[in-house]
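So, here come the structures, one by one.
The same subunit A turns up in both complexes below, where it pairs with subunit B and then with subunit C.
Right, the complex of A and B next:
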């Protein structure tokens, strides 16, 4: 029993963590929390199932196409929902514009793909029981994503430019960094991370249009736990949330495990508004 | 348009007198008519609907009224307080299930429906606050998320808690007794309830609480300086909005006759807040029209029903990008009339005596050894400062010497790390800016913090928020004390606008004004308190020479009423003309203090700051 709680907890936790990283990646270059994060993950599952099962493409081709499409949707988001409202960040119009895009994505998925959960292809056919690939694939995807992001941010010029923009937008622009292009790139990157989250968890969550709204919320909880823009906080927060949710599921049953997650969310926000792992404070006067 | 931070007005201000716009001092009824007439029209339509329609129209009309019951409450949260509650369908669901379960009696003995509805309202009010808790401290995105999360879990619970909610099979909605059990009978019940909630929300909107909500939304820092407690305000309206939503839920369940979790799709949530955004922020008529349009839209465009959410989303994006003001802005004809371009500010300081009550005086504001550092930078370092009642105390120094920081410490935005502040014999607690107004300390800001979307008069009235005596409940029910407050505040605000010379602009939206005019509005707002102490942060910045001269006269007149003025300024001439005492700061320490004559010849001051 403990084994399956841990396996399922870590698996769903890894998905939440990846969605959290998707939020953060978009946030870092634009100061915008975008409602498309969860939808990108939903699309990862839907595209994966569509290319491999419906259209019969080879796994690798389907995977790459999924990521490309998710990246494109990320870029479209930047163009139509983020760039026009950047001038008035303090009015929070981005909440509405990104929500509008998220709703469009969800509605198109519901109509074109269907409102029933549909199967996702078995990718590798490895493992069974608690070692089934549907449990460890998301964790593996999460680990690879983190390693790749660390390499990007620490070792490459582009990654350092991302960090510079996240740290101080004005100073970075004064240094001549192409802020706009970097922002577009970060939205593409966020699309890819969201796509990976959805694709790797396809066997666990299935290809289901309603996963978008669900992951929007469950993926934001780690961001709130870890502090805005803090990727490490999101990873730890996501895995903790997954384990907490599965444990609550086991202890108090399905009805109240979601209540427990919601209560945790509210309590954390009230007790540690900047997240458990901290984030910046803003000068007001 | 949020806080107006206009750049200094470049246009030459003509010396001519104010070209006075004809301010309509007509009787109250004629002034109120344009506001009331549209609502009367909607009610007339609602009453006439049965004459022209069949039961199909009864259904649509009922649905419209029920949605509006929810939206009228939600409008206070979204339209007035500016918090994006995107998952309010959850509270509708909660109300629907609470009412149905209570009436069906599958948990406890059955309850009559007219008792079940108020109980549902209480439950909804409580959960409205719980969902809103993150909004009290955090940016609006967190609140949007918590409402979305709540919407997610409420549906999950409704599905899983089979013994109470019937799970996916559902539960019968409550049935109303005669005469409300026919289509038209129920319709009129819903219309009456909708009219009632409209009245409630309009009462809040027109009271000082409604203005305070907009102030928190658009100029939060200034709202605090005027003594507005954001958490208290928000909790009050979350209670109202939650109760309205739950009542709407009970009616919705009855209309559906049978409810399952599927009946409460997220599309409804989207409809609710898009109705408000289409209608426009800070309006009641706009969202009402928005709700009516959005309810009818899927009916007349039946082939598009499947794509309705997509259409709403497109609509939402268009509103955000193209028409942020919504219907209300389209209907706001008055603010499209051009303003006179050659207007000048001519304060009438003499009139102060009739309006501002003479400060009791006697209490001095004293700072002893106050220190504050940001990281390793000592912004102020052991500062002693005394501001006596009825005196003008100048605070000057180079940029970064700690002048504004000192003001912020006094007004509570920063808590000093060391030292003490006293007001007379009482200690002034560090931090807590919202407590300063009741202590008689008012201030203005370096960049004017004014509510762009509110009228000039409303902006000034904000300053008197703590003077109002009616409670939120009294305002909600439009009891007499609230009306007294309103009359008192409006009269005083008009009089103060006369003092600063801007009465001709009282009804104009504040974001249409020039920078210099905003500075004088801030002063009028601060004077609403009859302050014992007035803190002015660079009031002359961006003003023309003529205006600075008039400002000086105004400040002198204010201090002559017994108010102690602490003036941070870079215009040395103004400081030396009007101040009784001057303190010069440099790098957070006092470089010199004394009378203007002493400071003007002080060697270090001359070399560090004045030049010469």
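Right, the complex of A and C next:
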């Protein structure tokens, strides 16, 4: 039982964490919580299944095409749901615009792909039981994504430009940074991260249009727990959420596990409204 | 005798009036088509059954019309696509009744739509035959015009319980469903019925159908001593995961329950084909083949006729096609026997039927009972044995 809790819990948690990072990536350059994050992950699974299983493309080609399409969806989101509402962020219109795009993505997926879960190809054919690849692939994908993001943010000029925009949009623009292009790039990057989340967890979650709403919801929890914009907090929050959820599945049953998860979520937010890893924003004057 | 212009005018008017009111009327009635309205989700996510039912409906209409119709009157099908949307179904029902003046309505084909349209048809007293499973759709007091020609939920439940207790001879069952309204209601009813029959329900659960790992519930069911798992869900994803988890646990407990467990989509969701064995889904005697691969004689004959008419069965279910044929033939027989297309006559004929021999099953209706399908004709099928829309009879039936 313990092995199953850890394996399935870490796998689900890694997916939630990656969706949380997707939220953060879009938020960092636009200050917008885009509720398309879960849909991007859903599309990762659907595109992955479509390219590799239905169209029979090689795994690598299917994977790359999936990421490209998810990146394009991310960019489209920026153009149609984020850019028009940036001037009135205080009115929170982005909630409506990004939710509308998320619903459109979900409906189109349901109509074109079908409303029943579809199989996802076995990627490597490694492992069985609690060591099955469907459990450790999302964890591995999460680790690689975090390492790549750390490298991007700490070691590259583009990454530092992202951080500058995230830190102070106006100051970064004053220094001549191409804020609009960087924001588009960050939405493409978010699409890629969402695509990685969906593709790596395809064997676990299957290619299913309804996964989008589920991941939107569960992916938001680590963001709130870990602190908005804090990727490390999201990773810890996501993995903790997955483990807690799976333990609740075993201990109190599926129908009550969601109640347990959200009860804990509310308690944590009451105790630490900024998130466990979030701190108050400090601004030099 | 002097004939004035006034006399000529009056005489002509009288003759014209007599001509228009008396003789031609029967001629119009004899040539008028018999209009049957069809409410079906032809597009959208609920369209799979419609495709099968429509093949049967069109086959029956063509066969009857080719043979000269019903006492010389042709059948006319007026199809309306409801897209699985109760609002669209309501609009289509009103159009069929008020504007198109249909003589009977076949459908809707899913319970969600039927819950919205049945009261409208009852108010208009239009004869209605449908295959929807929700219990409350049949009420001879509120809806004396509505006739069910497929099993109800409780008949499915009876058949599953009968298979578990009397054929598999298990005493300890786990009952699982999804967290939809249907899943919760069906699990509750099933648990109560099992307990009433003296069985021990050792585990009961409603599982979120998107839950990626079914191990927790399956482990609890095994630890409770489950001898058979009864499943009430339409989620093929959840069912596929349950079958895979059973295999991972090296457990050979049988699954018994909802027809969705025999859906073709599960073939792609199970990790190995053998994970889909020992899964018994609700099926029907008329559409189940025996150990020698033979259907009942009447069904064999039907399949041969459908094959001759180039009607495909490999992407649908035989019971859908057979049900569509039966519905149209029942309307045709009702008009033929009652001698008119009047609603009361058609309803009176349907109320008089006792084991009417259809292709899908034998139907019995009376003024006090509008659940027409016989529970004894609901059987369990081996879920993984689909062949041209039919399934192998589950082990234990003679």
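The working rule: the second predicted complex is superposed on the first by the 278 of 285 C-alpha atoms of A that agree within 3 Å, B and C clash if a C-alpha of one lies under 4 Å from a C-alpha of the other, contacts with A are read in each partner's own complex, and residues count from 1 in each chain.
The working rule: contacts are C-beta pairs under 8 Å (C-beta built on N, C-alpha and C of every residue); 3 or more make two chains touch, one makes a residue touch a chain.
These numbers come from a predicted model, not from an experiment.
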{"item": "Combined model on subunit A: subunit C and subunit B, fit or clash", "value": "clash"}
{"item": "Touched partner set for A:188, first subunit B, second subunit C, both or neither", "value": "neither"}
{"item": "Subunit B versus subunit C as contact partner of A:255, first or second or both or neither", "value": "both"}
{"item": "First, second, both or neither for A:21, with subunit B first and subunit C second", "value": "neither"}
{"item": "First (subunit B), second (subunit C), both or neither touched by A:214", "value": "both"}
{"item": "Residue contacts with subunit A in the superposition, subunit B compared against subunit C", "value": "B"}
{"item": "Partner chain in contact with A:12 - subunit B first, subunit C second, else both or neither", "value": "second"}
{"item": "First (subunit B), second (subunit C), both or neither touched by A:50", "value": "neither"}
{"item": "Partner chain(s) touched by A:84 [first = subunit B, second = subunit C, both, neither]", "value": "first"}
{"item": "Interface residues of subunit A shared between complexes with subunit B and subunit C", "value": "214, 254-255, 258"}
{"item": "Residues of subunit B touching subunit A in the complex", "value": "2-3, 82, 84, 86, 130, 133-134, 137-142, 144-146, 148-150, 152-153, 156-157, 160-161, 220-221, 266, 270, 277, 306-307, 309-310, 312-314, 316-317, 319-321, 324, 404, 408, 413-414, 445"}
{"item": "Contact footprint of subunit B on subunit A as seen in their complex", "value": "33, 80-81, 84-85, 88, 90-93, 95-97, 99-101, 103-104, 106-108, 111, 213-214, 216-217, 220-221, 224, 254-255, 258-259, 261-262, 265-266, 269-270, 273, 284-285"}
{"item": "Residue ranges of subunit A in contact with subunit C within the complex", "value": "1, 4, 8, 11-12, 110, 114-119, 128-129, 201, 204-206, 208, 210-211, 214, 246, 249-250, 253-255, 258"}
{"item": "Contacting residues of subunit C [partner subunit A, same complex]", "value": "45, 179, 205-208, 210-213, 215-217, 219-220, 235-237, 240, 248, 263, 265, 268-269"}
